[in-house]
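After this come two complexes, each holding chain A, first together with chain B and then together with chain C.
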Partner chain A sequence: MLTVDLQEKLAFNGLKFEEYQKILDMLGREPNDLELALYGVMWSEHCSYKHSKAQLKTLPTQSECVLQGPGENAGIIGIGDGMAAVFKIESHNHPSAIEPYQGAATGVGGIVRDVFTMGARPIALLNSLRFGNLDNEHVRYIFGGVVAGIADYGNCLGIPTVGGETYFNKSYQGNPLVNAMCLGVMPVKEMVTGSASGIGNPVMVVGAATGRDGIKGASFASEELSAESEEKRPSVQVGDPFMEKLLMEACLELIKTGVVVGIQDMGAAGLASSSCEMASRAGTGIELDVALVPAREKEMTPYDFMLSESQERMLVVPKKGCEAKVKEIFDRWGLNAVVVGQVTADGNLTIKEDGVIAARVPAASLADAPVYHPESVRPAYLDAVESFELSQVRIPETDEYNDILIELLASPNLSSKAWVYQQYDHMVRSNTVVLPGSDAAVVRVEGTDRGLAVTTDCNSRFCYLNPYQGTMIAVAEAARNVVCSGGKPLAITDGMNFGNPEKPEIFYQFRESIAGMRAACQALNTPVTGGNVSFYNEHSGQAIYPTPIIGMVGLLENIEDAVTMDFKDEGDLIFLIGETKEELGGSEYLSLIHGLETGQLPELDLNLEKAIQQTVIEAVQQKIIKSAHDCAEGGLAVALAESTMANGLGAEIEIEDGEVRSDAVLFGESQSRIIVTIAGKDLNLFMQICSANTVPVQRIGQVKGDELKINDWINARVELLKLQWQEAIPCIMSQR
Partner chain B sequence: MRFGIIVFPGSNCDHDCKYAVEYLGHTAEYLWHADHQDLTDYDCIIIPGGFSYGDYLRAGAIARFANMMEQVRKFAEKSGLVIGICNGFQILLEAGLLPGAMQKNRSLKFQCEYRSMVIENADSPFTNTLDKGEVIQLPIAHGEGNYYIDPEGLSNLEANGQVLLRYTTPTGEVTDRANPNGSVSNIAGICNEERNIFGLMPHPERAVDSRLGNGCVDGRKILESIITYRTEKGGVQC
Partner chain C sequence: MFKIELKVMPRKGILNPQSTAVKNGLKAMGYDNVDNLEMGKFMEFTIKAADRAEAEAYVEEMCKRLLANPVIEDYTYQIYQVEGE
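Let's turn to the complex of A and B:
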């Protein structure tokens, strides 16, 4: 019977009536309030992935380098020399929407814990950010707060923030996206997991004390934002990066001792999720007494303890008898380490308060939420997108192109992001090889000559106009960026950000996006090792553009092979690998200059993409590539301009004036194109590599002077372009 | 040559300092903040960058009370070489081992980038392999690097040749635009009157390996100056 009382209880815990009946079936009795609350958070979308699970299962997750695929705190790949790379991306969108500084800061904290909990030393952070348009004062507040929050947290931890992306689009006006990615490294043999095995082993809470902050944060993240969301501010956790730094050092020191059986971060749904996930992975149970958990406040109830999302805490299962060793290490760092319970054989999560049982449910049942297969309907707007005719767009006059290029370079989406990344310490730990601002950042794997190229990419306008192809392009572009920095693409983590999946049009976007990712990851042999799904990114019923962010990691055998986008020397030859077609659909140019966000996306031929990437990889190995840059938003003209900035070296470009309309030549976003420069002496070798891979390539000019000249369309001093490009965001952000 | 690097809770450039010293072929050891170890046997003590004690209260305000800082004071009194980088500089100021104080950057933002600076005085254990007037490039990475000292203190610093580094344009001009944080008189680094204690905001330890960052290796010259000074002093184990 669905009484009013039960109805209210279910609504409070975010459970559906049929979910309640499933709980009754599993338990064979009615759950008490605490038990119901546990199911409520654990079966929230944020913790359970109940709407996405079935789709995620279709993604490729294996390759010769994958050591740990999805299901753990982070994915792991082998990178040679006995070393492994550990990485994952995670969203903190809803908290950042209402409390940008703390929301973004704790997002960084959470993803860092996910990486060091596997035993890896975090060596790099990246952030993929989306905001509304900067002409809105509230958006500027959110943007500034998010960047400061990331900066203060990451900088204090001493982990360099080396890359990411920042885009602005009105679809994010009320619902910004903050996705943080962390990359760590460790010797393969030091890998640990979040598994509570060994009956009788102690269960310890380590790190910060538990307070009432962030209670039900996971549930808050599983609903749409609205005007009332401000009231959910208490659901946002407050971060303490100093505590996290101590926790990280203590945990890494502890893991090195070999006494750890399993360890897990207390992130979303805190003690509830960490305990039941660790038990269910091992097929065991956990019994714990909340009265033993170090508390920040008095009179906390078992409910408060279990659902608190106080930051900087971990759950550790050490070998029995090693409790003193754990305490000794944490003492030295001035941190708590307290035995709160033990691993049991009964498969239950048993929660006691001063020895009295407060809740007892099968741990696996909490981790085993229902799986939904939501309805999917193709959104009607796609008809208009597909029938769009480019011929209705006026082709600019020749003398307009200089101004158009400057307008593009000075737009927030394409302008320099130095205002953002200069607030991040991107060099700490002395491993940063390629600094922020190039195609992918490169960090050295300490103690070796190897490097990891790492990037996050997603063109969400593309994904809105065609979720399938847009996501394929995101994967291909991420791989291309890795290649342009001298790396070989290995694997990805995916940060899926969508609207409400219970709306059929939104679920269509999600399903198509997953299908596109599947196709591209298979073709490029870059499996998915884990990631994050964030649904309900809507404000007042309006969904964000679908934003499947691809975080890719690639390998450089030697960091001396690292490549940047900047032109290096006067006289170097400039080549365009790939083909320019008449493709302006979904382009930045169409959006900024013509106010149109529509049209068919550029084609993507994954075989050609692969061949082009292979060409650059081989040329890099021959050490003949002096610069490489992917043509992305803003097309060829913007890519060339970007390559002139760092060293102030111009270029003289001559492109055949053929079938393709001139604005598409300059600003079209045809895929699988890379601009490279080489010294004249390497011309023959370069052409051989291109023809061996049968890729289209044309010599388009040379590095020359201090002006950028493209046919009779563009003729501008690099200094002027740079000023516009550099000052755009600082100028906007200095207004009140 | 043997360097000691103090590790506070929250230090995070301890690792970079060790890397730089070892890269140049010398030995570096970590020293735990809570210990009382005598430092006599070290050639130089490095107080590294980071966020000691989370920078709570003020950067360096809590670290100055650490046991190890008492040892640093004793070591410096006997003319031992001490270099404080970034947070290390802030700690030296708070400990009263160098004059002046630090404020938040005038931008109120953390800033990380390469910056140019001029060697104002090459006659010190920390700058002897450089030339007076030489312009070098080093990374900065700080939120509180806006050095302040009262006018009288400033004229003392200048008169005694205690200003070792000043932010400039790439061609060596001392301009306001070249000043990244609002430091009085563009000051980037100062030493004490005896010239055995050096505090600076830029990070020489991050500019020793040409394969990293923009390839700049000007930081070597600072560390090499220390090594040269100690070697010429004689009686030093290598």
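Let's turn to the complex of A and C:
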């Protein structure tokens, strides 16, 4: 019966009454307070994916290169030469909203641990960030804090932060998004996983000591933010990157010795989640005594030990008899390594305190939360979006276009993000070949000729206006960015950020978004190897724009093939592969210049997309592409302007004045378009490759002088454009 | 005029890597008897205010907004009346 007492207990643990009944059925008795807390945290959305699991299962997860799909700490793909790439994206939105510096820093720490847990050395970080409008003082504080937190943590670790994206939109005003992605590499044969097999094997806690920080952080991440959130202080953890560096080196050294059976990061819900997940993956049980766990504070209870989210800790299951070896390695790095229990055959998670049993529940029941199929209702705003008539938008006069281009380039969303990435060490380890600010970053795989191209992409305005197609476009754009850097797209990790899934309109957005991702990933043969779902991104009842961030990894068989977006030499020919249509719906231009966030999205033909990407891949392999850049936010004009910046080389562009209205030609965001430059001598070979792939291609001009000229619409000195584009964000951030 | 002595310390239970590093440094030098070492910040300043209550409200606001990070730090202060215009 639901007494007031029980109601309070359930509310405290974030459990519903029907979930409590399910627990009663499984246990055949009433759970004690600690057991109930374990269910509460393990069945929270953050740990259990109970609202998203059924949808996520519909995503493609296999291809010839996938070695480890979803369900582990990170996904793994084979990249040839006996090497594997390990990568994953993860959100740290709620902590960053409360304490931007530590929230973002510990987000980086968590994703790095996920990657080295698999046995891989992390070689690159990316961060996909979303904030409210920069004219708000609090937003500037959050933005500054997040970037500083990422910079300090990543820089201390000696892992380059090579890319990502930063966008500003009012929908993120009270709920910023911080999604961190980490990429690592390792020899395929050194793969380890997070499963606790081998009855009788010891279970060890290694790394930092456990304090009371971040208790119930996972449950906190599964709630909407409100004005009271600022009072939820103990949920924030403080990161220690130097400790993480030691832990990383110790773990990588330990894994190389071959004594590790399974290893897992203690992330959200700490010891509780790591122990029950490791046991349930292996179908075993784990018995542990919390009194043995190194503590940072006095008088900690079993509850504190199990739910603490103290950072920089791991759970390790070594082979029996190898405890001393583990201790020796961790001692040398100045870290704790303590046997706290063992793997058992009974399938239970048994928690003791000084030998007295404090909780005992089936490990699988904790890991197997109920799966929900929430109601889904198409949101009403989509009617207005779909019936939008472009004809109501005035076409600017010819002499207005220069100013419009400058306004776009100087807007926070399109301007240079150097203010952000210059705070990051993006060159440490000296393997970064294509630097931040490009379509995709390229990092060298040491000891081989190979390189990896990595990018994160999502146009959340598109996803708001049409969740299905917007997400398809996000996948296609990520792949296009990889291709523009000279890589072949291989696989993705998805960072899904949405509002409250218990609201039918939000769940509709999520379901449609997954369907769009499925379609695009199938067509482009880029399966999903894992990722993260962050729901309840709302502030005072307002949801964020649906933001399914696509983190994509591609392969360059030869690092020499890396391509950048900037124009290289005077006289090079400029081509536009793909077609420009009259498509302005959802564009940055419509939003910034006309104040409209509406309209039908640009079409996306996945077959054409594939053919266009294939064309560029082949041309890159023939070594005739001197620069490549995809047309994204701001359209053709902004893409051309971006290509002029690095070397100060201008361009003379003539576009046939056809049926498409002029503002759509310049700023429309038609999909599947890539601007490439080639030397005149390669013209025939290039045209052959294009016609073999039957893609539309158009010679639109050549690299020339120090001005950007497009028909009689645009005529501006590159130096001036660059100044506006570079100074926008530093200007805003210095006006505190 | 009032003189303020403000002490800002990490909240109890929050990880404080700086304190740990200093404590380990002392131990490495042979000072084995040291324990419970916590590092924080100390600030002194003066405030023009009509009375003690006004000064206190002023300090409270500054602490909440800038001088301390209430998410991870606690603060305490002393207020002394001093001569001044």
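The rule is simple: the second predicted complex is superposed on the first by the 736 of 736 C-alpha atoms of A that agree within 3 Å, B and C clash if a C-alpha of one lies under 4 Å from a C-alpha of the other, contacts with A are read in each partner's own complex, and residues count from 1 in each chain.
Following the convention adopted for this analysis, contacts are C-beta pairs under 8 Å (C-beta built on N, C-alpha and C of every residue); 3 or more make two chains touch, one makes a residue touch a chain.
On a predicted model such as this, the values are computed, not experimentally measured, just so you know.
Trainee: Now for A:L601: first (chain B), second (chain C), both, or neither, which partner does it touch?
Mentor: Neither partner.
Trainee: State whether A:L157 touches chain B only (first), chain C only (second), both chains, or neither.
Mentor: Once the two structures are laid over each other on A, A:L157 reaches chain B alone.
Trainee: Quick one: name whichever of chain B and chain C touches more residues of chain A.
Mentor: When the residues of chain A touched by each partner are counted, B comes out ahead.
Trainee: So in the superposed three-chain picture, is A:A148 touching just chain B, just chain C, both, or none of them (first/second/both/neither)?
Mentor: First partner only.
Trainee: Answer with first, second, both or neither: which of chain B and chain C does A:W333 touch in the superposed model?
Mentor: first
Trainee: Applying the touch criterion given at the start, work out whether A:G211 contacts chain B, chain C, both or neither, answering first, second, both or neither.
Mentor: second
Trainee: Between chain B (first) and chain C (second), which, if any, makes contact with A:R429: first, second, both or neither?
Mentor: The first partner, chain B, only.
Trainee: Have a look at where A:A250 lands relative to chain B and chain C in the superposition and call it first, second, both or neither.
Mentor: A:A250: touches no partner chain.
Trainee: Going by the contact rule set out at the top, does A:D240 touch chain B (first), chain C (second), both, or neither?
Mentor: both
Trainee: On chain A, what residues does chain B touch that chain C touches as well?
Mentor: In chain A, residues 240, 242-243 are touched by chain B and also by chain C.
Trainee: Mind pulling up the chain C residues that touch chain A in the complex?
Mentor: 11, 13-17, 69-72
Trainee: For the complex, give me every residue of chain B touching chain A.
Mentor: Touch list, chain B to chain A: 9-10, 12-13, 15-16, 19-20, 49-51, 53-56, 109-113, 139, 141, 143, 203, 205-206, 209, 211-214.
Trainee: Can you list the chain A residues touching chain C in their complex?
Mentor: 98-99, 102, 208, 211-213, 230, 233-234, 236-240, 242-243, 296-297, 310-311
Trainee: Mind listing the chain A positions that touch chain B in their complex?
Mentor: Going by the criterion above, the answer is residues 148, 151-152, 155-158, 240-243, 245-246, 333-334, 418, 421-433, 435, 444, 559-560.
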